[in-house]
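Paired with chain B in one complex and with chain C in the other, chain A is shared by the two complexes that follow.
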Partner chain A sequence: MSAPVSETATAALQEPDQPPAQRGGKTPWWANQRIGLLVLVVLLATLFGVLRPAFFNQQLVVFPLLRDIAMFTVVGLAQLCVLSIGHMNLAVGRMAAFSMMITGISYDLWHFSLYAGLLVGLIAGAAIGALAGWVIARTGVNSFVVTLALDFLLLGLIPLVYTGLTDNAAFVTKPDGMREMRNYSLADICIGNVCGSPAVPQLALFAVIAMVVVGWIYSRTKLGRELLMTGTSVKAAELSGIPTARRVITAHAMSGCLAALAGFMLAVSTGSIKATIGEEFMLPSFLGPILGGTLLAGGFISVWGTLLGTALTSVIRKGLDLLGVGLESLNIYLGLILLVALSTDRIRTVLSERQEVRQR
Partner chain B sequence: MPKSALWYRRTAVAGLAVVALAVSGCSTKSSNDSTADPAGDDASTGSSGGPVTLKDGSSVKLALIPGGAHPYFQPWKATAELDKTEFKLGDVTFDETGEWDQSKQNNVISSLAARGFNAFGIFGVSPTDINTTFEDLKAKGFAVGSLASCPAGNTNSADFCLSTDVEAAAYKAAKATIDAIGGEGTIVHLTGNNVDSNTQRRIAGVKKAVGETGGKVTELPVVTDIDKDLQTAQKAVADLLASKGKEIKGIVTTAYNPAVAAADGVAGSKLPIKVVAIDDDAKILAGIKSGGVSATVAQNPVGQAYVGGWLLALLGSKQCTMKSPGVIVDSGSFVVTKDNVDTYDDERKTKTKELQTEFASQLSCQ
Partner chain C sequence: MRRFVKTTEMTLLVICVVFFVFLVIASGGDLVGANSLKVLLQFLAVPILIGLAQMVVLAVGQLNLAVGAVGGFAAVAMGVMMADHGVPVPLALLIGFVLASLAGLANGLLVVLTRINGFIVTLATMTVLLGVQYRLVGTRTVDAYPQGLKSFGSYAVFGVLPLIFLVALLVAGLLSVMLRRTVPGRQLLASGGNPIAARLSGISNDRSVVLAHTLSGAILGVAAILTVASSPGVNKSIGGDWLLPSFAAPIIGGALLTGGSAVVLGTVLAAFIVRFVDTARAEFSLEPSWVNFVVGTVVLGSVVLGQVRTRRQSRRTVVKAPDAAVAGRVS
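Coming up: the complex of A and B.
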């Protein structure tokens, strides 16, 4: 599910540095970044599986791995929304923490049900995201600066609320269904006598829904095309009659909403809603989309790429964990494997470009 | 309509149909359907009054898992090896790759379980979340001990918790500080992550000691979130001494990096401030011997890993079960001053032996 700005509009804007995937049928299939990532993920999973057969243990490895991939894919989608307009959201983790704080309050003080609390959190996330977007659109200040400032603001505010409202700096009320949501797999969902796989967590359905909705918006709707146009060139978008300020607010609101969903998934999988939710979100939020082909400059996104980019890093980490790689070496190996993965991608792109030149 | 657009529409419709089915058309088992098998529940008979000897530890693969890398946990590494040789365990590992993130620590634990480890001594990163992890492990039949930190709240879902009572340790440290400043004046408390329930307990312990002075000792606002690294702590201490150094008579620290930074900072500033530290790092002990640090509150990491390993081996080999699962035992905290700096370790070793006896009375063994 990748969505470039429409071919006509791209041609009209005459942007010189479009990625290969945007040139339609000229790129050979093997040079497609997503296919490359998919092959890498499969190869690495096979390698780790051969070295440690426990890698395919459904209950202890695959289930938690898929739960992680699902959560970080949603984190990646949160960043992807603002990357689509050429912006960044450095407060993606803190937006998750803020939204979950509201959700926690709704569980602890207002006794909301699991899904009502989630809804409140999603609205809070969209609202804080929209606020960031509004400030950016209104003042023209770079999104980097605005979201960084918002991050600091929330960094101070959130602990204040937690220490004021809780004894243990966490909302520990667990509404009905939270425990089941963490532990249940598709094996617990049956249509008649046919049940799903025990290796796939139910929590992953949230990521599937998020991917379908984001993919649909960017590939099938006018809003998605306008967001990508805004990312490609704000001036051109304005000249085309697109309300770019409103699109900036929309993209940031979508980002905040998805950050809230990721925060909820983390809270469910770890067990409680605490102030530190989202602290580890920022780097993975960029890693998934960028590895997957989403452009930092805006104008091109890839939902599938975000899933595959996230899967790549998660598979590497899980494999290294299983191999018993120590703390000193873990991040070195992680970095080296990513570097090799990206280098092969670059080699593939260069080979593809050479082939194109020869064909001309 | 172009073919690709038609494909996208069909894919979107199919995707939404799948989601709709998942949400409405399918049946999800209720929580009552759960057939989770509570772990380690095989009935055992008999009980012991003294330390119990492990009959056969070869089936036990013990994992000691701190929240992340920290000097406090380094004694666990050597003690894990001691556990292996002394109790003839199948295997032991010390894994500090949790990087102080509960989600990452959970991944590390599940990976170790997949590698065949079946007894876990865990320092949970998040006291409010760790019970969830314990419940997951127990449901899979593993022996689980909460080491060096107990879950927040009144419930411990692990088989046992062997930890410093952080509130009591902070109380002792504050009392030592108050004694060091002569019973009156202003003190300040330096500690770690504010949004951590253990920090909140430490803050409560210090406040309790200050409250008992009836107003003779006052406390400046607590300085939190400075245990991330030594540099952060050093900066905070330098700022504190520059702004309020003349007002402060004592500093009580309940986290490792602030303790080291406060000892160094006060020594460098030549201010007549009494510092009470935490733990027995070589640097802090040297400070006590030289007089730069008035006292420190040592904990018992070796005892936690040794007694915890012994207990987990008994539980993991199914030789014993806990009479009351979830029991919480204080592993001890020891005020170290210039007077007992050379002998406090004997006191700690005695406490470790007492811990074994105490736990033995909590066991039901075959």
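Coming up: the complex of A and C.
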């Protein structure tokens, strides 16, 4: 990200909105993406709530909404891990499907318990992610191509396994507790007489754990800093003695592992383990982190931003749905909102840069 | 000639020929029958075009995730205009083509004006266009357009060469001439190959990016016309499965994701190979999933091989920005 490079047009495209102010911490508060997002989410939720009071219905709207937000946040985190080193994972959805396939096999053939199966799935996800990372690190081929090809490969492989092992393309064996977990909320956890809110699903705890772990890794550990440095500049990281090839593999393994967790959450909330798990993951996986300020070029991430970005899209989706906007128009609005949000972000960055120049 | 022997195109050509001979033997000679050949080529037209549509944007160092959405949207728009509003066929096709080109132009302008990463821009336009496509046609299948268009879609010269296949080849030829022989084409490749050098030589990179996206849209417009002409009807799923093949063909064909390469012939040959895989799948009556599996493996294999070759070359010459490939950056 040297200065002469970003002068040229195409290179500037390759290294998108890099807010130099954001890292310096001198940003005016209104240029902070996270605060803007939070305000927007609250405003929109209020607006929808005023227009349709049913929006605040705990059981029918808020509960599934939070479940969706939780799941897509994990999907976003899976993408965030590879974005942190400037890579992409186009196979997030298929990695989720692959690890859920392994989990399904473990339930069906080996009669594993719920959490043992989850563990097997997470390991499978990390393994397939590490494989992608290994190919990228070893050959130096663009991550976009490798994960695209892997996506193709898994897209072919998974239905073959399902048709080979099951009767109707879904694993029917459900371990104890899976059905209950789908509907359990914090109201089912009581400490003494104090119970949680019935609006918050227990599944959301997985997302909280994932956020805490990922946030901890990136903000507190050496590994996280090394990943971010690899994302900022591979050459500089290499020269500072960071084993960049190994970090690439680590990032992709983390991505695969989180994708597996998201797949598990989807399987629990839909109640079935089938080949189509994760098909709709790709778009949200980029939406959350990018709206939240994570850079596509690598080197800067935001876990909170991912949650807020995901919340924004989910709230919009749910709200428009309640307002009676048909399924067909939802996509149009979502796409437009994405464009507008990113454009205003660009405008905001330019404005705050100008202000800084004027102050000098 | 000796230079050609070592190129990716030559390798692909050899693979194509060997694969074809193998298929002919495996089918007991049925494949060279006029009808089988016609079917084989008939289903090649659209894959060639969508591969080229992606190739053009890759050449300038961008990518277009909206290939399927642009094509599907244009095809559905044409179908609806002809079937529901009685627009005459040539006019409807022209409008559809212009719409697709405009969608490409919009992609290019958005990328240049907002400076947002092309990946995200086309992701957003893809979402929007998918919504428009669904809104236009809903869950029905539009097939009540004039018979004349359908017979254009199924007509074959000498009973072997489908007209739509020839159209696709014509587009490929025009694109090749444009990229190699005309000033805008050379400028486009220069911008893709090295933006800084291009800028210093007085080339507007912005104009190249817009041109590439517009060209991509226009090629997709042709693909949409051929789809409408050759398929029994158009519905919301048209274009849904274009994205992966659109990347597979140029990448197998040897295009560089970093830009600057024009591999028209390679893309066409790669489309042939993918089609042969599909034919083989049908020949041995395997599940359709096998095609994706094999194509995925082939794409992965070809990029790895390409990388090995580049490395061998780079020992002799210094190649452009090797760490860009390591960082895996996509614009």
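Everything below uses one rule, namely that the second predicted complex is superposed on the first by the 320 of 360 C-alpha atoms of A that agree within 3 Å, B and C clash if a C-alpha of one lies under 4 Å from a C-alpha of the other, contacts with A are read in each partner's own complex, and residues count from 1 in each chain.
We adopt the following convention: contacts are C-beta pairs under 8 Å (C-beta built on N, C-alpha and C of every residue); 3 or more make two chains touch, one makes a residue touch a chain.
All figures in this text were calculated on a predicted structure; none of them were measured in a lab.
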Identify the partner contact of A:Arg220: answer first if only chain B is touched, second if only chain C is, both if each is, neither if none is.
-> first
With the two structures laid over each other on chain A, which partner does A:Leu330 touch: chain B (first), chain C (second), both, or neither?
-> both
May I ask you to decide whether A:Leu153 touches chain B, chain C, both, or neither, giving the answer as first, second, both or neither?
-> second
Just chain B (first), just chain C (second), both, or neither: which does A:Thr163 touch?
-> both
Using the touch definition from the top, say if A:Leu322 reaches chain B (first), chain C (second), both or neither.
-> first
Of all the chain A residues, which ones make contact with chain B and with chain C?
-> 158-159, 163, 326-327, 330
Chain B to chain A touching residues, read off their complex | 8-9, 12, 15-16, 18-19, 21-22, 25-31, 33-34, 69, 93, 96-97, 99, 101-104, 106-108, 110-111, 113-116, 126-133, 136, 140, 152-153, 193-197, 199-200
If you look only at chain A, which of its residues touch chain B in the complex?
-> 52, 54-55, 57, 59-61, 64, 68, 158-159, 162-163, 167-170, 172, 176-177, 179-180, 182-184, 188-191, 202, 205, 208-209, 212, 215-216, 219-220, 266, 269-272, 274-276, 279-280, 317-318, 321-322, 324-327, 330
Touching chain A in the complex, chain C uses residues 60-63, 110-112, 114-121, 123-132, 134-135, 138, 191-192, 195-196, 199, 204-206, 208-209, 244, 247-248, 251, 257, 259, 287, 289-297, 299-300, 303-304, 306-308, 311, 322-323, 325-331
So in the complex, which bits of chain A are touching chain C?
-> 4-5, 8-14, 16-17, 86-88, 135-136, 139-146, 148-160, 163, 234-235, 244, 283, 286, 290, 296-298, 326-336, 338-339, 342-343, 346
